[in-house]
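Have a look at these structures, which come just after this line.
Both complexes shown next keep subunit A, but they swap its partner, so subunit B is in the first and subunit C is in the second.
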Partner chain A sequence: MSNVSILLAWRNLWRHKRRTWLTVGAMIFSNSLLVFSISLQFGSYEMMIDNTLQAFSGHIQLQHEQYLDDPKMRHNLPEIIATAQRLRDELKLENVGARAVGFALASSSDRSYGIQVLGVEPLFEGRVSSIPGLVHEGRYLEKDSYDEIVIGSTLARNLKIATGDELTFLGSGLDNSFAAGVVRVVGTFESGMPDLDRNLAQVSLNYFNDSFAMRGKGHSIAVRAGNIEAVAGLKASIEALLKNQSDLAVRHWEELQPGLKQAIQADMTSAWFMYLVLIILVAFSVLNTQLMSVLERTREFGTMMALGLKPSNLSRLVIAETFLMSSLGLLLGIAVGFVITWYLSVVGFYYPGMEEMAVKFNLPDRMYPEINPVSLLLGPCMVAFASLLASIYPATRLYRLLPVEAMRAV
Partner chain B sequence: MSSIRCIQLCKTFRQGDEIITGLDHVDIVVDKGEFVCLSGPSGSGKTTLLNAIGGLDTPDSGEIHMDGIRIDMLAKGPLADMRLHNIGFVFQAYNLIPVLTAQENVEFVMQVQGVAAAERAQKARDILKEVGLVGMEDRKPAQLSGGQQQRVAVARAIASQPKLVLADEPTANLDTVASSQLMNLFSELNQHHRVTFIIATHDKRVMAYAKRLIKMEDGKIISDEMQAPILDEN
Partner chain C sequence: MKGIGIFNLRFQVILVLSWRNLWRNHRRTIIMLAAISVGVWAMIFMTALMRGMVDDMLKQGIQNLPGHIQIHHPDFRDDPSIVNSIDEPSGNLLDALNDPATKAWSTRIKVPAVIASERETRGINLLGIEPGKETLLSGIGDQIIEGRFLRDSNDNGLIIGAKLAERLETRVGKRVVVISQDPDNNIAERGFKVVGIYKAKMPRLEEFNVYAALESLQDLLKIKPQISQISIVGEDFRDIALLYHRLKLATPENLEIKTWYELDAYLKYMLNMMDGFVLVWVIIIFLALSFGLVNTLAMAVFERVHEIGLIQALGMRPGMIVYQILLESLLLLLMGLSIGNLLAFITVKPLESGMDISIVAEGMAMMGASSMLYPSLTAADMILANMVVIILGILTSILPAWRAAQLDPVRALHST
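Up next is the complex of A and B:
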């Protein structure tokens, strides 16, 4: 736009106020919708990741380097409790819990089922997992709990036992000895995850150590970061701290829960397909507006060519008009989208029935859209870009105009 | 020194199955500073000749030279540049840009030429004063009378200091008084600024202002005479 005035482009926009406002209105609507939707999407992913990870796996786990691919009992870490304590002390991090895992046959007086027995530090497990908070009958394990067990509600139903009943388990220890015990059920939990409710049982790590002949060894240390953005930094700190420990792997949640990442990617793909449809619709609206605007000004463009303007000057004028219109839609759309999204990010967003589910499964009762530069700018910038692309066709039509024919146009 | 030379210009148009002759082997030489009127009935070829000289339309055959440059062979870009720097147009329907004020319309061509903002603003004010539109600089075309709009169009045409002004029926939409004022303005510009004028008209009052009168019929020049112009005392 070195030669042709921006002022002319701006005034041209307002020749048909209603038509321009309709197109700008479509941009404002789609831009604010995109800001809200993308922010909500980011917020819901964070919530989804948090909820999934806080249920069990944590953001980071320290494991034996072969444990992820081959979760055998022999792939363990030595002095697991001391290592977990070292992390707490040196990283000033309380959200660290050591665990050991074994498999056993659990029996009540009537029935037997195969279960996963998880040895945990009762004091710290609540900091890395939501299960202690999901106990709906009885209580969770205590600091000095020994021959006590907490089991999933489905498992309790299947075994036909309740809080206060005894349960016998029989498994194999680290040294291939029998790992057997009789424990009292002190609580049952309901996580909302069928696998956990049907198979998981938790005992104190001390009791697990004795029963499964672990001799102080364990299988993982779960770590929970303050938020998802802090995970990479925390992982690097842990790796630096424990770099001398052999056979140790520090696993990011994406390695621990590959399905979660894939689910997010799949959701993102389908959401972007919808966004793309919206963006294309807006682009067609711009194309329609600009094409009509160019066609009805053919005579005027002919005059301008007669005065000495080149088709390239006229094309730039049309693109400048679209740029101004898109910028208006972009700024107002971002402003409207920001205000709505910011309000909902403060008070939260919920739909009917969400609160009941949240109470039942120990989840947040509202979703909070996450506003960041990407969620704020990505969608509106794509709308602006698509609008500019849409203006190329009417702009290039001007190259075909001949001054004398254009000036005869009605 | 001749400024415009047309050699054996031919142009035909197709209208349905019929072929209409616009220009039929037209030869014409217009010297710098001349005030020429092209007259003749509708369809005689006046506008076609103006369009060809102005580079708005290309002839089927023949040559058009302007200051030694053969303009009928120029590509779109150089032809646009040639119009921008050498030719001013005045149209029957004024053809002002409706969203710009009188001042902005006059500045428009200078802006495209790359004249600095302050310089073109001052120049536009001076020219509007010269054409008698002081105080109307900020009015848009819709707020001006036909005569005033045509004065703005003339101001726009001469603002870029063209060597040649081509006017196609410039008084067709004007009343007698406005026509006289416009023609006096053209005569003045021709005399004082040595701007060459070629005006297509079938208005006898306009022809009276010309120093040279060329009559056309069926795309041919049937007479080409010098005459003493009659200047309006108003």
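Up next is the complex of A and C:
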């Protein structure tokens, strides 16, 4: 397209200033809304994933292949501590922690509750889970902790015990023997997740091993990747390293927390429906404007054709006009969207009643939209694309124009 | 009478004028009509889906509590232990509960316990229920997939969830041991025969809730005739204020009475958020439409500058011009709304029997909804969408209409 046509297209746009600005305004409105909501989606999904996985499950877990569907004590992995150490040594991973899981009846002097007891490596658990960092009273387990336990704050309240008190537990070990013991509560944690705070207790893996007769076996090794994109690669290299071990499965977080992925999918689907509607409405606006602008120029186009321009030249002119208009909408929309979103990504986005939602989905009580090239460009580019599509109909009308009749049109 | 006649005549003339003006440029009108129809359809369709989902969450949530209103010991919510039991209702409270305004009510025991099969041990929520009445509250009696439901309050059987049965590797007919504690902190332990297995819409519940008959638990826990809570259901969960006040008056001072939205803040939040969402969504769509609407009207005025000048010169008052253009806008909006509402109606109706969204079942469970979505077209939501479009639509049309009326007849006549 030559410079002259671009200039012509640009000038044509401003023959009806108000109309052009209204159409561009519709684009700016939709574009900035899209930038904001896509960024907010990115931000909240990432937070949801991070917070959920950080708390407990990690990005990857090594388990017995049946453990995921059927989490029973007998579905375990041998030599769990050695395997975890192997990952640290051979793959140079830092964030690896071995665990074993059992159920027990925990009793204080006046209450009893059924709890989940987790055996952990005290030195490494903090690298795969945020719970050690969330101890708000007392301290977490230490390297040589033996008959010590850390419990959730709600559990402590329900059992009516505090740090320093003793707690007895009674469960069954791997060989179906009684697993019983008396442990001292050294700390309580508050994860903000009701299920964990009410239900979970942690002891050192050594102690768990002895009291639940595990003989070195454990149920999972949790691994945390540097970021969410690195998970797939990490999973592959762990699988390669341990391919000789039978019964072992390496689980991606999407398998460990299927609800999380699906909640995100459901949210995405409804969000995209809404975006699509917005985009279609903008396209109608453009269609209307461009069709009107073509119809009112019938005479002028007739003259141009009489002077030797082909319909294809004219339709290119109309497309060029639309292109310029949508570029303007694109740039201004991104600019406005960026400013609003950036501001909210600094101060945080809040709406009333969000705390309840936050607890349910492991979100902080303010959301921070995440601005990246995709969140900035995706929506506006789709709007621009839909606008160009919408101008096809007005552009094709030019092929039906007969120069002589057109010149006589009013 | 004469005045009204003239007014009518004038109105008719303007109405005809507006209608004909609308179709002078039929392409533009049709495109705008399509935009309004799609917009209105999307407003109502999306709202119906979301409303359906939230209604489902609320129903599930209320069934889990269960009840629209609960009465319990003031410390029970903080410390759901056997120590915080209450006496069975009597006197005024019993009369109020038996009043026809209460649709159903039931007493229950709810204590933490441990359940053990030969193979596995789990922590559970042990519920002592009055079988017949409980089904009206939590629907448990209708969820039995294997074996039978509890017969009466003395039944010695136990009902467990399908998921828990799997975890415990047990089945109907087998025995399990239930361990809890009595108010004196002694271990209360008893073997129960599993008589039925239920399947809940929320798989998570299946692992935790275990049902036994009320009196057999009272015996086990040595608390006869005490209970943990009274659950009450009214006609409609949205409208329980009256019932609440009546029951509150009859409830003894030393007991706590709470509504469902006080018991579960998340549910209340979902309901509020839904109302907020509907409004925001409708307004966003309207705003996206408004640019096109103003544009269409502005173009219509622009094309007719000459003509408007002429009729003004012939004596039509500016007010009439404003009327005429507003009426044009109103006709356009009304047509768009009718088509949009009709579209929404015919797309939502066939879906009302339920959309299978089990592909994201676990995600929905995380939000507290089940894997079937039943879109719900409510009058209130439809009225809201239509009112917003009409009122804001007319308001945005005022500017182009007013500009048209401000034209100077002499200049307008000379424009081409």
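We take it that the second predicted complex is superposed on the first by the 304 of 410 C-alpha atoms of A that agree within 3 Å, B and C clash if a C-alpha of one lies under 4 Å from a C-alpha of the other, contacts with A are read in each partner's own complex, and residues count from 1 in each chain.
Following the convention adopted for this analysis, a contact is a pair of C-beta atoms (placed from the backbone, for glycine too) under 8 Å apart; a residue touches a chain by one contact, two chains touch by 3 or more.
All values reported here derive from a predicted model rather than from experimental measurement.
*Asks:* With both complexes superposed on chain A, which partner does A:Ser285 reach: first (subunit B), second (subunit C), both or neither?
*Replies:* Touch status of A:Ser285: second partner only.
*Asks:* For the three-chain arrangement built by superposition, which of subunit B and subunit C touches the greater number of subunit A residues?
*Replies:* Counted on subunit A, the partner with more touching residues turns out to be C.
*Asks:* Looking at A:Leu34 after the superposition, I want to know if it touches subunit B, subunit C, both of them or none. Which is it: first, second, both, neither?
*Replies:* Neither partner.
*Asks:* Applying the touch criterion given at the start, work out whether A:Leu260 contacts subunit B, subunit C, both or neither, answering first, second, both or neither.
*Replies:* After superposing on A, A:Leu260 lies in contact with subunit C but is clear of subunit B.
*Asks:* Tell me the contact category for A:Glu300 with respect to subunit B and subunit C: first, second, both or neither.
*Replies:* Only subunit B is touched by A:Glu300; subunit C is not.
*Asks:* In the superposed arrangement, does A:Asn12 touch subunit B (first), subunit C (second), both or neither?
*Replies:* A:Asn12 sits against subunit B, while subunit C stays out of touch.
*Asks:* First (subunit B), second (subunit C), both or neither: which does A:Met407 touch?
*Replies:* A:Met407 contacts subunit B only, not subunit C.
*Asks:* Can you check the complex and tell me which residues of subunit A touch subunit B?
*Replies:* The touching residues are 3-5, 7-8, 11-12, 14-15, 299-300, 303-311, 313, 402-404, 407.
*Asks:* In the complex formed with subunit A, which residues of subunit C make contact?
*Replies:* 25, 27-28, 31-32, 34-35, 38-39, 42, 46, 49-50, 78-81, 112-116, 119-124, 166-167, 179-181, 185, 187, 265-266, 268-269, 272-273, 276, 281, 284-285, 287-289, 291-292, 294-296, 298-299, 302-303, 357, 359-368
*Asks:* Of all residues in subunit B, which touch subunit A in the complex?
*Replies:* It is residues 51, 54, 56-57, 76-77, 80-81, 83-85, 87, 89, 91, 95, 97-100, 104, 108-109, 111-114, 156, 160 of subunit B that touch subunit A.
*Asks:* Which residues of subunit A touch subunit C in the complex?
*Replies:* 16, 18-19, 22-23, 25-26, 29-30, 33, 70-73, 103-105, 109-116, 157-158, 171-172, 176, 199, 258-266, 269-270, 273-274, 277-278, 280-282, 284-285, 287-289, 291-292, 295-296, 351-353, 356-357, 359-361
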